[in-house]
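Questions regarding the structure given below will be posed in turn.
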Amino acid sequence: MNDKPISRYPVPRVEDLPQDIRDRILAVQEKSGFVPNVFLALAHRPDEFRAFFAYHDALMEKEGGLTKAEREMIVVVSSAANECHYCVVAHGAILRVRAKNPLIADQIAINYRKADVTSRQRIMLDFAMKVALRSQDISDADFETLRAAGFTDEDIWDIGAIAAFFGLSNRMANVVNMRPNDEFYLLGRLPRS
Amino acid sequence: MNDKPISRYPVPRVEDLPQDIRDRILAVQEKSGFVPNVFLALAHRPDEFRAFFAYHDALMEKEGGLTKAEREMIVVVSSAANECHYCVVAHGAILRVRAKNPLIADQIAINYRKADVTSRQRIMLDFAMKVALRSQDISDADFETLRAAGFTDEDIWDIGAIAAFFGLSNRMANVVNMRPNDEFYLLGRLPRS
Amino acid sequence: MNDKPISRYPVPRVEDLPQDIRDRILAVQEKSGFVPNVFLALAHRPDEFRAFFAYHDALMEKEGGLTKAEREMIVVVSSAANECHYCVVAHGAILRVRAKNPLIADQIAINYRKADVTSRQRIMLDFAMKVALRSQDISDADFETLRAAGFTDEDIWDIGAIAAFFGLSNRMANVVNMRPNDEFYLLGRLPRS
Amino acid sequence: MNDKPISRYPVPRVEDLPQDIRDRILAVQEKSGFVPNVFLALAHRPDEFRAFFAYHDALMEKEGGLTKAEREMIVVVSSAANECHYCVVAHGAILRVRAKNPLIADQIAINYRKADVTSRQRIMLDFAMKVALRSQDISDADFETLRAAGFTDEDIWDIGAIAAFFGLSNRMANVVNMRPNDEFYLLGRLPRS
Amino acid sequence: MNDKPISRYPVPRVEDLPQDIRDRILAVQEKSGFVPNVFLALAHRPDEFRAFFAYHDALMEKEGGLTKAEREMIVVVSSAANECHYCVVAHGAILRVRAKNPLIADQIAINYRKADVTSRQRIMLDFAMKVALRSQDISDADFETLRAAGFTDEDIWDIGAIAAFFGLSNRMANVVNMRPNDEFYLLGRLPRS
Amino acid sequence: MNDKPISRYPVPRVEDLPQDIRDRILAVQEKSGFVPNVFLALAHRPDEFRAFFAYHDALMEKEGGLTKAEREMIVVVSSAANECHYCVVAHGAILRVRAKNPLIADQIAINYRKADVTSRQRIMLDFAMKVALRSQDISDADFETLRAAGFTDEDIWDIGAIAAFFGLSNRMANVVNMRPNDEFYLLGRLPRS
């Protein structure tokens, strides 16, 4: 299955890419053992690649009130709502790894209301879904619900911004027909030996 | 009306911002005569601000097969679909200016199927709406329709990426409850003297 | 742009119309300075024209608990929900004039939840939207909400009837592809000198 | 069941009504053997009553390319789409009588795609449903489909206007919670002796 | 009208059917005076026929907290939601007979919120509609609402299972294009002499 | 996680069940190595249990034009549409095993349009989704499309009946809040040694 195209668009060879992009790709390859296809597919447009990953890192790598697993929960629930093949598979894997839970990603992708999450996380995911699907209806009442569950206003910005950023990411993946690496499907499903 | 809050979040004073952000804001103020509120509202998070505008410029300022007015048409139609108060008002103004047409922005925001656009632009807007609302359904057939209307694959990426980026932008504006500057409402409606 | 057709159907010449319709049209022309296209497009069917404007006047011109600006708010929000090009542009203009507010019409058309309206008006617009989009769900609870906001039962009939009447009007405009006069776009946007 | 209220609003006594309205009501009573509740419920607002029935008659009583049974088909399909209790029951009865077919009204109300109608009538009903539910999408292609099925442009106006008018009527009935007369349920179901 | 096909699929002759199916059909014919078409249409697949009616009887014929009329209310409301021509007509008839109420079936099929049901039955029908249309959203809160209205957990299973079973039945009827017997339309509408 | 309830309803002990149900459960346990929770959850109602599995076997175990993997594809796509946690996880596992493909179930659950299926299977899944979501719209044109792809009318019944049966199954699982066994998540993901 590895010969299936990973994008409708030409995929550049790593060695032909600008140095900074090449460095980023080699770093992720060293860390993960493979290059996630999103890096190759988006490298078709270097300026957009740089902005995309700068935005991604600003939301996903920074410190803050949400754990990294919780941020990935937001990614998975939003991406499932947008039926994004790449993002559900790839970030589902990252979520399993970060949460050290082999079941949670499938649960959230299928029906997050039935997932093994805390009630605080459930409220977080409800808001992420509202951002993804009906952001025009967001009101003060949503902020009050989130604050009552212990989220700060900065946490709420994080939830909203992650759901919004993957609104972009899901749409780009759907436009270019991005295919996830086969490696992602099994990642985080087996106990670490 | 100018004392209405422009964001649910604290809005930094320009003089307190990092130099690069301050420079960007002063430049836009010099060019436009006022500071569009999106610059102030997003400056609450400098790293996200930088990524946001880098992405914006990569899509909206570069050369390419779409005119700048056509890019703004895509912004307006997507933002209307997401009922984004800020983006429809602000980019509606920019569209009127770029297209030198005082009617086009309202037409596209209300019902783009009735707008005074070419049949090629209509196909462009149909695709932008699909990206905004049902990106999971995008298929080869959409690309064939767009190519038959004269769009290159790079143009199609542009249409998709602009609609996707404003999917992010609209959601952020809805989360923070961003308010457009009063100046935008009238911009581009009067004949230049 | 003035040579664009204003209807899919033949538009009668004013001088060929029955006397009562001609009188009505000349009166509105004298008052407004131009003949709004709805008068010309609907004059294709004189009996329906008469019933349409009799209904319109019974709702929009009579005394009652709603201000004339509030009635136009209901028209604009319903017409935006139905994506009616003619009604949003034409009644948006009338709303700006009646409310003496150059921003309110665009705000309500884009996302009425973000508009500069009172909380009482917000409840009025919520009900108008329910009439426009899900009238089968209307229940006693809606009446209680409206009464609690200070609306009498006669006011509620007015809100419902205006939203219902423009449900008809929007559909007719969409069927005949009615085009608003260019004059409407700018009306009420400039300070009266 | 006859003591159930027929409207949320006060229902005037016939003898208290203006003469023209009283005459209309007595005429329908003489013809039908009972007073359909819509006449009583809408008589609460005499001016709106007059405009409503003038509009109704202009569409439903005039000559034209659609048979009276076909016009009632349009009413039933639109009213079912809007889940209007009064209009489906009352106009279902009229349809059975006019079509001399005891099955057709239920078929159209439940799923018009399965009803015993001609292919020409099916196209008529498809358009009526589009007017009722997505009038913003109406385009030249709809007119071409209808013309190809033998409808004139005046017939198309009739279809559109009937669906639009009952869009108003359904919403008013839902707002005032209009209850159909028990007599309607059985009307037209039995063979005339 | 009796010569219209009752299914897209071949309809077996009763005498060619396996003995148990033939017996069932003859029994229903003896009781009802005619063979409801669902028996003939589904007999095309004897194993599925047997499972279907075993399931049906397990839910509809057993003792329990819901009256037989209430079970038919659930069938009618679910079938109307799925626009199932066969089930609304056939079970509408059974509902009229079981409830001894000639109006109730049409009321529930058109807009169950306006039907002459008790508030307990209204809550039952709200849940049936949620099972039919948004079962993924069912939560503990729904169970609490139903319990507060006096339903036991076994009653709730019954409501859910009936709505779920007719979710299957409606879909099969729509797939095979099942046509109800003409006899059903009038059944239960006339006073028993 | 194994102590989480598998149903909102009491789960009988296997030894307390009627002999035929106990036999069925022990047989599946012997074959699979564990008892899928659907057997335990539905055993709360023995008659419904028997009908459910008789129906299931009539569709899923019989010979026919669809492979067993294809039938599971239909189950997964319908269950994903209904957001049924149990069915997507359990039947996703069965699909991976039957198709000997560790990726296919996730692909179909997330966005079947992007899955690695043949064009014939894509048409099969399109129809299954129509049965699941809009069965009222099924028409002769759907049958023609399926026949043109090589499906017999009996195959089409199979596709429709499987999607309809899991319409029931998904709703029951959502009503009782059925939880899949942890074993399913990993099943079929690893190469057989």
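Which chain is which? They are A, B, C, D, E and F, in the order written, and residues in each are numbered from 1.
As a working rule, contacts are C-beta pairs under 8 Å (C-beta built on N, C-alpha and C of every residue); 3 or more make two chains touch, one makes a residue touch a chain.
Note that the coordinates shown come from a computational prediction; the quantities given were computed from them, not determined experimentally.
Shared contact partners of chain A and chain B, listed by label: C, F.
Overlaying chain E onto chain F using CA atoms gives a rotation of 180 degrees, to the nearest 5. On a Cα centroid basis, the chain most remote from chain C in this structure is F. In the contact between chain C and chain D, the residue numbers used by both copies make up over half of all numbers at that interface.
Computed from the mean C-alpha positions, the centre of chain C lies at a distance of 45 Å from the centre of chain E. Averaged Cα coordinates give chain A a centre that lies 52 Å from the centre of chain D. Spacing of chain B relative to chain C, judged by their CA centroids, is 29 angstrom. The residues of chain C that reach two or more other chains are 83-84, 111, 136, 177, listed in rising order.
The touch graph of these protein chains has some other shape, matching none of line, ring, star or complete.
Checking each pair of chains for touch leaves A-B, A-C, A-E, A-F, B-C, B-D, B-F, C-D, C-E, D-E, D-F, E-F.
The touching residues of chain A, counted against chain F in their complex, run 1, 4, 80, 83-85, 88-89, 102-103, 106-107, 109-111, 114, 116, 177, 179, 182, 185-186, 189-190. Chain contact summary for the complex, chain E toward chain F: residues 8-9, 44-45, 47-48, 50-52, 54-55, 58-59, 62, 82-84, 131-132, 135-136, 138, 143, 153, 156-157, 160-161, 163-165, 167-172, 174-177. Across the interface of their complex, chain E is touched by residues 111, 113 of chain A.
Residues 136-137, 139 of chain B touch chain F in their complex.
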